[in-house]
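You will see two complexes here that share chain A, one where it goes with chain B and one where it goes with chain C.
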Partner chain A sequence: MDDDLPTDFQVIVVGTGMVESIVAAACSRIGKNVLHLDSSDHYGGLWASYNFDGLQKFIKEVNSDPKRQLQVYNLSEKWYIEKDSPQEEKKEEGDENKTDDSKSQPSKKVWSQASFAAEYRKFNIDMTPKLLFSRGPLVELLISSNIARYAEFRCVTRVLTWLDNRLMPVPCSRADVFATEAVSIVEKRMLMKMLTSIVGYNEEEMNNEFKGWNDKTFKEYLEHKGLTPNLIHYVLFAIAGGTNKMPCLEGVKECKKFLMSLGRYGNTPFLWPMYGSGELPQCFCRLCAVFGGVYCLNRPIDKVGTKTVDEGKTVVTIDSKSKTLNCDHLVIGINECPKEMISPEPVESCDISKAVFITNGSIMASEKEPLTLLRFPPLTDEDNTVTVLEVGPATGSCPKGLFVVYFITKKVKDAETDLKPYAERIFDMSGGDQTATSEKPKCLWSVMYNVRDTSACTRSTVDSVHVCSGPDASLDFDRAVSQAEQIFKQICPGEEFLPRAPDPEEIVFEEEVPRGPEFRSDDADAEHNE
Partner chain B sequence: MAKTYDYLLKLLLIGDSGVGKTSILFRFSEDAFNISFISTIGIDFKIRTIDLDGKKVKLQIWDTAGQERFRTITTAYYRGSMGIMLVYDVTNEKSFENIKNWIRNIEENASADVEKMILGNKCDLDSKRQVSKERGEQLAIEYQIKFVETSAKDSLNVEYAFFTLARDIKAKMEKKQEASNPAPRSGAHQLRANEQQRKPTSWLSRCSLL
Partner chain C sequence: MHGRVKVRTSEEEKARKEKERQEKLKIFKNVMQKIQFKRNEGELDQELLELTGNVLTSNPDIYTLWNIRREIIIIYKKDVKMKENMSKLYDSELQLTEYCLKINPKSYGSWHQREWVLTMRPDPDWKTELSLCNKYLKLDERNFHTWDYRRFVINQCQPALKEEFDFTTEKLFDNFSNYSAWHYRSKMLVKLYPDVEGGRPIEDSHHKHELKMVQSAAFTDPDDTSAWFYQRWLLGAVKNSVDLVVSSVTTSKSFLTFSQYVSKEFVKSKVQIFINKTLVTPDWSSCTGNHYDKLWLFKHNVSIEAGMDIKVEFDKENGQKQIVSCVPAETLTYVGKGNINFQKYYSEPVLKELKDQLESCRQLLAMEPDNKWTLLTTTIFLNCIDAKLYHNEVIDNLKTLQSIDKLRTGYYEDLKTRWCIENQLYRDYESNDLVYRVSFDDKITCLPHLQYYSHCEKVDLTNQNLTTKVLPSLILLQNCKVGDKGVRQARCECRSFVLCLHPYSRLPVFALYDTLCSLLICDLLTNFAFFTDFECDYDLVL
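Presenting the complex of A and B:
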């Protein structure tokens, strides 16, 4: 089937992770002839979202293939529920309950491994769950490039923190502030003064202001400003997402980012992609394809080489399925790249500990289905902040009645040791009767694993081979976007990075629709007639 | 911006490369046929608003952008689609056989209640025909999907096909609305530069903590 695959391209992209996909779209958009390959049968690589079936395959693959364990290791899956559903009579009982409690308290379904399997398609579980800052670089890029039309988002409805041994909402809107008693009026004023100045600084002013703070922590700064312990907790852990060790300037920048993204879409500064983060690379792939990029999955590559053709030009050659593909530039995901082509740079790397839990309720009940970001302050001095994202059925992540909860932190020991103590704070992990009412939601299923950190910028030994990093532990996609832009600028110096794609509505023949200035159909026709 | 339609339907075209998906799209959206384009370049989706029983129905019809060529349709393509045109070429046996694979693909990725219709395109090329109309009908019965042979070139049945699919979806939506009043809103949104953005105010009014 792949035999009619053309062999010569200006740019070949191997791997459909976030960075690779953005570069592919950007190159195709400005007219480069692009081939985009992936060795697996789905998009996204380590950035993918899986349904429950796909996830089971992924887990099996990782546990049986030593090669995969170079990327993902210490993987352990656990069920907290029975294999099969209890007898079907339960159903009737459930219906009765429904009429009793009316809408507010639908009867709790008893889940089994079989009922998960039966609804496998309704799950979209992220390997790399991330949020977008409403005014962050990815949101701006999606809008300016018009790729936003391929995706839908939901607003994160609340930010929580762990304070005094319980979950506490972090006030993010005026309404929240009125509702909260956690911050006194005096404290609010104190905080206002400090945050106003942070948002007001431009880069230069910021560097000047914090000159003396280079070797100090953000916490020391907050203490210096006279903030009370409560406020320091909110600012340091919930807003800046830091730890006691967070350097001052980094904390200031994180705060500014958070504050600047407030008030654009929802109550909080964050957006979550519908159906999971794995949709996003695909959106960029779609744009690449619309502008002529050729797509081929299930296409492993065997060998990468170079050859010099006349005029001393270097061509990168790729052997794949007994075919040799040629290109001027190869963009390749770090996990696909032959080791000898990566020039080792001594960088401090820190692997990532991750976990996914599926539960039968939210970590903190609320009237409407919540979408939650919780930043857990480290429980011990050794630990790092643990980022928790809880998403529900409205995001297309799971069937009704369930929540998917992601845990992400920088690895200290291993995923289970790093994350289980945090999970136990907010979930009931004892198994047992799912219908029993309890404070905490029941954990029904979990998987924990470590991911090798490949987020550091890596160089290749060949100028025309560009290596793309894997996912990092941070909350957003900012690093992927900036790396993609850098790679694009190396390949296409002087070209615009993802200029706005015309709206199809601009090319529609409908009298009441005015044509936009970027009407492109002339070009398109010319191409077609060639 | 005032809404200029009563219903917005997202439709997809699916089928092997070269069966005429883009031609069908062009015929329907612009009443044009351009025999020279071979594969889909630069065509994302097209829009046409039609009148159905007194309602304005805006059809947003998505093309595969060539990603079907090596069977690499993204899962994202299927999201939110309400209707799918499965297209084969009556002069190409293989494209007809592959309809079953495409249906499997749809079952895996699209919403369970998506409306489908099978189109046997290029029925103007009778001399080159490899798939009889009866076989097309038989397949459609097997999957309980509506079927029609079309010619984008001769403008045969293309209008009929889209109107039929749109009418079926509309009927389904109206039935659902009756069942659950008021209709649930999805609450998800697309990002736009200006929409929803509150007027540029000082960050103080944005920042909550204050």
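Presenting the complex of A and C:
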């Protein structure tokens, strides 16, 4: 295929994952000439969000293409509902009524596979669902770079944990601690004292307080502080997101991170991107494009090489669709990168078990639509903690009446064995009558899969080729942000990382073009707009 | 360079802003002049409305302009031709205030104007106003302007109080650091759940619930004072009845004292005095000349002799009649006393809640012995539950508080004085002596409950830590007389009195000597109400 794509760029980025997109934006922002490619027809790679149709395509692709199974494996999809709904007609009406409030409508909608397909565009299902800490590096970066204007967020409304065989809200903010009836008055004081002291310690106080705690666990520290078992559960599992084995200093660090992000936007420390985490790489791509970056999706690359030009400079060459592209720096997602270019240093990695469930109700009823982070402590000694995110229609993730629930943990055996016991605790997975009232929401559909962990920083064998990691199992984007900044610093040493992009009114145009006549809308125009 | 966007530098931006500002200022001055001119000329018309409106939209805090608008609206209201347009005019005025509130949600002028418009117009829509309050309290739950306005709206539209009460609950759960919400809640409580039977302000179960709720807040964040203040209100939310404290009749002067400030009308209607079984109709006057007072002097024309039968009858609030017999404490000095009780009365369930809370406080105290708020609350609980029983612990706690909370030592001193005096008063009140002498080791810093000692002839306040601020209250010591040579003088030996009085001051002038020197009353005192009765044959001891 012949195209008019220029062939020489300062930076070529291959893959539109989070790290790649941030680097692309940062390079373009300071004036580098950037080409950004992706082999597939959508943005995000493994960081993407899919509508229900796109997701089906993805599942088919993974199951049929052995090459994709290098990244994603053990994938199993399961329906818990009928193919077709018996009252197809009636459902449409029900849908109309639903626009007000799902609570005002007592009878639950009966979903079928067909009704999922009919509303496929209302789904935005994330491959890498992640939250943002309100004062975490990504939020700060979005604000400082002015990229935040391309995104919308919702506050996570509650943090839950699994305690005494049931779901319990975790009192994490001052308002929560005040309102909760789950802990005694004395416990309230203990908890608040613990939390405020962790936030308040300066470096010297930290060193004093934690002298000698280096090789002890966080749990031991909390016990030492006299916290009751309930409080230890809240702090250790829900706030620090740890396990019994979590080292003390790591626990303190995680707590601090959680607590520092409280009180900025909502009652919890977390934000969730509207329409899913897959929006975020696209926001960075947009900034890249605004500053002149060239985009080309559906553009696989065939070969990566290097050549030395006259001045002894090394240029990276890429063969793509019978065209050779040249650049000074290549930024490439680890899954796109030719194996021989990846430095063979061994990296410690632990694959990820993931699951997505679609249910017909929230795991815990609440007055307004909740957006939930649930942190499961390990149910057995072997297991790791399981992070659960439940998002509803208000986030643009699914049609009204449904919830999308993500499960993430470090792989022990395989996704299904690792996660099903947890899912069974909070969902009714028996299929059956959807209208029946039950304590747990019905699971309507699920997919479980393992993802290869490619999140460790990997170096390439060539100086001007920079390899970007894939998604990790953690809750936030912090690693992606710091890796992107590192790569940018290697490409553009001494340059500012994503300085604030100006708003349109701050921009001066070269020639002050005299203003044209006022725009007048006439009937023809109005019709045209319709 | 290709792809680079040119942005204004900060100097350019600054210059541009400065230029804009100057232009704005010019326009502003111009318009303000025009407004003044038009008003001086009496041109209160549509144009003036527009001019003031324009300025207010950029600066809603110019009262003058709001007032000019009111003048115009009042004129229009009287104008028959405008009758049909008035509703529209009010609407647009409301719109203007709403716009201004968007700019400054704490603009006094805008809120007041809105209130004024709604009281002017015949068809106010209170529902809209209430939702406006909700909106602004969602934006800032502590905006007291909005709370204030809400009280105005509620007063007009009278919605279900329960809803308002629940609204405060909601706001407090969002953020309990909110004086306005706690205050509003207290007002709702008293109206919603009054204790009809027990004659107490709040019904038991709710009193208990509130105590629980506020303790939860206080323990969550002890450094937030709003919760403590509400708790103090709850603990003090017991009805205090007026008691007749002391009746004193001597040859030269007769008076009654009460536990609280009362008016002459009150005294006249509630008190009957019988001397030798004959009702006297005395002439009442307060000791300070104020309308409300604790000590009321009465003049009668019976000459006081030995062996008289003097009785005072007092109609109490609960409908009972208190009869106080005055008995001779000395020849020709009759003194009558009632019962005293400084212990607050709580119902059984509330008392049980207080005891539970005391227990949690003690637990906490074991963990954090130096936490000032916990210690203070423990102390207040102890005093509320049984002041006599816990007296020593209370005093010890106050001493500890003084050492850990140095900024408030004075406050703790005064509390200590008050509670020690209360403790001592039980005994003093029983005795027939006419002596007031501090009988505990700690030095007093103020003179609480002084009216209980108004009958005493000998008052020994030597070697205490009193300051001049107690001087005005000494007027309650109407019978005080100590001194040689038969000279009547209040002898108040004080330590470290601060002398800071100006010769032309209306306050008495005192001479200050060293620590054990006596304080004497100078001639200027004759001008002072307290001492008019004294024969100021003072002797100045140097």
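By our rule, the second predicted complex is superposed on the first by the 471 of 530 C-alpha atoms of A that agree within 3 Å, B and C clash if a C-alpha of one lies under 4 Å from a C-alpha of the other, contacts with A are read in each partner's own complex, and residues count from 1 in each chain.
Assume a contact is a pair of C-beta atoms (placed from the backbone, for glycine too) under 8 Å apart; a residue touches a chain by one contact, two chains touch by 3 or more.
No experiment lies behind these values; they were computed from the predicted model shown.
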So which one touches more of the residues on chain A, chain B or chain C? B
Touching A:R286, do we find chain B (first), chain C (second), both, or neither? first
Quick check for you: in the superposed arrangement, does A:K188 touch first (chain B), second (chain C), both or neither? both
Mind working out whether A:S28 is in touch with chain B, chain C, both or neither, as first, second, both or neither? second
After superposition on the shared chain, which partner residues are touched by A:E311: those of chain B (first), chain C (second), both, or neither? neither
Pick one for A:E367: touches chain B only (first), chain C only (second), both, or neither. neither
Go through the superposed model and pick first if A:G226 touches only chain B, second if only chain C, both, or neither. second
Where does A:I143 make contact in the superposed view: on chain B (first), on chain C (second), on both, or on neither? first
Residues of chain A contacting chain B in one complex and chain C in the other: 174, 177, 188, 192, 291-292, 507-510
List of chain B residues in touch with chain A within their complex: 4, 29-30, 34, 36-37, 41-49, 65-67, 69-72, 74-77, 79-80, 108, 112, 186-193, 196-198, 201, 203-210
Chain C contact footprint on chain A (complex, rising order): 28, 31, 33, 174-175, 177-179, 184-186, 188-190, 192-193, 226, 291-292, 502, 506-510
Residue ranges of chain A in contact with chain B within the complex: 1-2, 5, 42-43, 121, 139, 142-144, 148-154, 171-174, 176-177, 183, 188, 191-192, 195-196, 199, 234, 259-260, 262-265, 271, 274-275, 278-279, 282-283, 285-286, 289-292, 294-297, 299, 394-396, 501, 504-505, 507-510, 512, 520, 524-525, 527-529
In the complex, chain C residues that touch chain A: 1-8, 13, 172-176, 215-217, 219-222, 357, 360, 363-364, 367-368
